[in-house]
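Mind looking over this structure? Questions follow.
We just call them A, B, C, D, E and F in the order they show up, numbering each chain from 1.
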Amino acid sequence: MSVDPIVLFFLLGVGARLLRSDLRLPEAMYEGLSIFLLITIGLKGGVELAAHPLGPLLPQAGGVIAMGLALPLIAYPVLRGIGRLGRPDAASIAAHYGSVSMVTFAVALAWLADRKVPHEQYMPLFVVLLEVPGIIVGILIAKLGAGRGVHWGDLAREVFLGRSVVLLAGGLVIGWASGPHALEPQAKLFFDLFKGVLALFMLEMGLVAAGRIRELRRTGVFLLGFGTLMPIVFATLGILVGRTVGLSAGGSMLLGTLAGSASYIAAPAAMRIAVPEANPSLSLAAALGVTFPFNVIVGIPLYATIATRLFGPPI
Amino acid sequence: MLPVHPRKVVVIITESALEPQLVKDVRRLGAQGYTIADVRGGGKHGDRDNDWERDRNIRMEVVCDEPTADAIARHMRETHAPHWAMTILLGDIGVLRPEKF
Amino acid sequence: MSVDPIVLFFLLGVGARLLRSDLRLPEAMYEGLSIFLLITIGLKGGVELAAHPLGPLLPQAGGVIAMGLALPLIAYPVLRGIGRLGRPDAASIAAHYGSVSMVTFAVALAWLADRKVPHEQYMPLFVVLLEVPGIIVGILIAKLGAGRGVHWGDLAREVFLGRSVVLLAGGLVIGWASGPHALEPQAKLFFDLFKGVLALFMLEMGLVAAGRIRELRRTGVFLLGFGTLMPIVFATLGILVGRTVGLSAGGSMLLGTLAGSASYIAAPAAMRIAVPEANPSLSLAAALGVTFPFNVIVGIPLYATIATRLFGPPI
Amino acid sequence: MSVDPIVLFFLLGVGARLLRSDLRLPEAMYEGLSIFLLITIGLKGGVELAAHPLGPLLPQAGGVIAMGLALPLIAYPVLRGIGRLGRPDAASIAAHYGSVSMVTFAVALAWLADRKVPHEQYMPLFVVLLEVPGIIVGILIAKLGAGRGVHWGDLAREVFLGRSVVLLAGGLVIGWASGPHALEPQAKLFFDLFKGVLALFMLEMGLVAAGRIRELRRTGVFLLGFGTLMPIVFATLGILVGRTVGLSAGGSMLLGTLAGSASYIAAPAAMRIAVPEANPSLSLAAALGVTFPFNVIVGIPLYATIATRLFGPPI
Amino acid sequence: MLPVHPRKVVVIITESALEPQLVKDVRRLGAQGYTIADVRGGGKHGDRDNDWERDRNIRMEVVCDEPTADAIARHMRETHAPHWAMTILLGDIGVLRPEKF
Amino acid sequence: MLPVHPRKVVVIITESALEPQLVKDVRRLGAQGYTIADVRGGGKHGDRDNDWERDRNIRMEVVCDEPTADAIARHMRETHAPHWAMTILLGDIGVLRPEKF
């Protein structure tokens, strides 16, 4: 069987960086591609939302948000107890794993589409809902636990109006308000090119993920274990939550992937400002250097298998 | 020869995430202006060479009188330097329009 | 009825900026998208020009240029008399409103295409013809009126060889010289993606337009009135000129949109150099903060209505 | 007959620069487009390689590499003897002409595709194979001849892991490992947009090539002759090699184009580091200011004619 | 110790639209070279923070002898400073190859 | 007033292709950090105005003690300056944390 080109692009980036090639994507291109992906995922979800009555989604949304609040509370004691990390670092890493990775979600989406597995098309709504709660809980752990105040105004702007939330949620609303027909003239850019852009973006992700691997030597073996086992636990939890709130097997697998993914865009930005005493290298090495590659290569097929086992019908 | 008025220039090289905070800080401490460039670099906190969006540095330059320079440098050292990759430099510079700085 | 996604993208940008989100498009992306739009509009017009004998277009072109020369002469006394602005500022704003906004034109084009309204496909020719005259007249008012000399050589290069004129005119010539058949291999980039790129660009336009709104508080209510009423007057004039030179209702509406639009790329660049004593915030706040949003949201449908009234058959 | 838009885009760039327009593409866009082109050419070749047994290609590959090693050895004595250039400059220019220009190859590819001339679809493999040998031989001439040592480790990384080799070779491997079917979701980006992107890139090439023309005045007439005649000789040689190793007429014409093209990305980067005493303006003026435009406008049709004469059946 | 020759450095921070003019100006006034960086900043003319293409600043640095520095600073102050966002700074710097500056 | 410790700043403006080499050089010669900005400029080797990827300049700034500054400047002048467009500047600067530089 042929290998998924999306994974190959990622590996090309990893290889180029490990061999110390001078290959790098210009930063504007990286930003442009990520803007494109965020909007497109939003639009896709929004177009589908338009076809659904919103009422029945509310309980699902509530369950998903509750899960987002719970995840960092599970991760934190593990990081303190087993990882022996200080409060700021443990809280920061918990926030990263409580939030989500939009690219991991996109890869899972493409993976399901290639295999024609049905799933709720409005899943992007949950990406938006899951991005913020984990970060807020992580900050609360760091601040309140340390008996320190929080600038709630600044913080809210940082997390709710961060680039990725605005683009995802903006795309959702535009897709929802326009509907598929009005968006047709834009479809050739946003929808037709999505998987090609994702492949290019994975090249960049490979370059930056490999750049983080060096740091792992310094941070030791704990983060390696945490970055691979915690996602499996979280993903399983996500799949169970999906099942509980009534998602299909495909949708539950996607929710599991979200739960098992770690944020490396929104969370690092917010935590650096809110908890500057945490070492940003630790959390980024784990989220980007371990968990992202793990999910892309091992996790996604694994979570599909888990979902299949739990649901019965094979994905 | 034009009359040249002596002033201080404070240079702060630090992580780009701190930019909005720095701008607020120096304004509050009395600076009438500032200039910021995107840079990369290396120091105690390792190489910050631009390969990931959060790994960028900025170089802020503030021209002001000596008390303001002192206040800015002191504030940076005490508030931000403990937790951020940061270099603080102080130099002498001349200006033509003293009321501007 | 669903809302036009192009307007929604614009509103997303406006909202993100007003709420002080950190969302911004990298400058290279902004420039790249605008290069794409300029070339594509040029190519579209050029391909159509190839199908027309050029002779009969000459009188139309003459009428359009004459209008371009007249517009700033109408705006200037209003700005001096009612707005009580100084000569440099009045001349500079007159130049902005004498010239045109390519993006407004593109939005109008997409608006007509969505409604399948027929119009002369070579209209991009008039965008090129209208870009420069208004700017030159504005500079003349500022300079000669002030009894000051003009560096005509530098100025000509600045306005005739500015980026937007070169790309629009270059696209026109390439489209004209190649014809539709030879351009087919390029069509999938330039033509198929046009409306998607326009939507992305409108997001950026929303961000920058909203950034100008703050300035309006300082410049007062006059620019608000000028920036909404002058376009209506100019657009009506443009529609009448269109009718006079024999354009269709759709073509006249497009010419009206051009007349009613204000330049925020070519004119600011040229005026800043040629008339440095003018305050660039005033003209940009009006052109970008008032007139552009007004045209995109209110103006374009309004000009279509005016054209319909004047021509009879509904657009 | 209509003119090829790819050439027209190039001429637009040349004209804009010669008239001193302020038009320039943002650097990130230039880099992004070139990354796109390199990957796409690689993917195209790789997809075709997957359909071929690799064994029979080995002798062809050997012949092509041998040619790559030979070209600078032919150019060097000409540059020393007739051009009266010093050893470093002659060696550096020889390296540029020994290596290849990916964009010239892409233009030739598009030229053949427009005319539906059959050719071996795995030709991109030879682009990869030809990029490096000429550069290495050029460095050897400069260094060993001067009795100086070479940092082989650094040098190998510079040439074998330079951006263009990594992207081309990476694209080849991904295309080969995925095969056409798995790449279908990416085809709409990489394959459908290829010629449009190439056209945009040619605009940039026109701008930079024209910027080099000024320098030619200083470097004199020799480089003008060398930059037009050497490519014809090399292209003829390349066509003969193609015939010898069993390529079709179209494939031989492409190999000739590669032989006749001069590198202006990989070679300048490598030579500047390895032979800093060479004047980079000379080699770049020749490769970019003379040979690139010559090949795009005159060379490609000429090499097709030569291939036709040598092979019999008209291209 | 290397012999170090004292020179002046003129720093001009202003709107990017002025760049071509500045380059012509300093060459004409005797500078043998210049260096320009893209920057952003704030001052009397408000924040110039890069959010629209016409809102960019540049920072030009010219190393030269004292009379040239004086001529450049004077020209900037008189010709451009009245109508443009502009900061002019004068500092001391050392060079190794005196004939170059 | 904060105690300010005098140091030297070496500024090297040169072709961007030399960046990796420069970083290695200054580290080897004892610098504890460096800062690099992308710039453009003009000098003896013509205008380097960014219109082709190989025509970019960088501006490297190294704050260090006097012997290190001397060693860096000397090395640049002897090894790279003959073949590369390069400007080497030496200035005085103050730092707050002397152990960092």
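As a convention for this text, a residue touches a chain if its C-beta (ideal position, glycine included) is under 8 Å from a C-beta of that chain, and two chains touch if they have at least 3 such contacts.
It should be emphasised that the depicted structure is a prediction, and the values quoted were computed from it without experimental measurement.
Path length between chain A and chain F in the chain contact graph, taken as the least number of steps between touching chains: 2. Two chain pairs, A-B and A-C, are weighed by contacting C-beta pairs, with A-C ahead.
Rotation angle, chain B onto chain E, C-alpha superposition: 120 degrees, expressed as a multiple of 5. At the interface between chain E and chain F, two copies of one sequence, fewer than half of the residue numbers in use are shared by both copies.
The mean-CA centres of chain B and chain C are about 41 angstrom from one another, to the nearest whole unit.
If you average the CA atoms of chain A and of chain E, the two centres end up 46 Å from each other.
Multi-chain contact residues of chain C (touching two or more other chains) are listed as 26-29, 31-32, 193.
Residue numbers of chain F whose C-beta contacts span two or more other chains: 37-38, 91-92.
Chain pairs that touch, as defined above: A-B, A-C, A-D, B-E, B-F, C-D, C-E, D-F, E-F.
Taken together, the chain C residues at the contact with chain D in this complex read 26-29, 31-32, 35-36, 39, 157, 161-163, 166-167, 170, 173-174, 177-179, 181-183, 185-190, 193. Contact residues of chain C toward chain E in the complex are 24, 27, 30-31, 207-208, 211, 265, 268-269, 272-273, 276-277, 280-281, 284, 288. Against chain B, in their complex, chain E makes its touches with residues 11, 13, 37-44, 57, 59, 70, 73-74, 77, 81, 87-92. Against chain C, the residues of chain D that register as touching in their complex are 2-5, 8-9, 12, 15-16, 19-23, 25-29, 32, 110, 113-114, 192-193, 195-197, 199-200, 203. Those residues of chain F lying in contact with chain D across their complex are 15, 17, 21, 46, 50-54, 80, 82-84.
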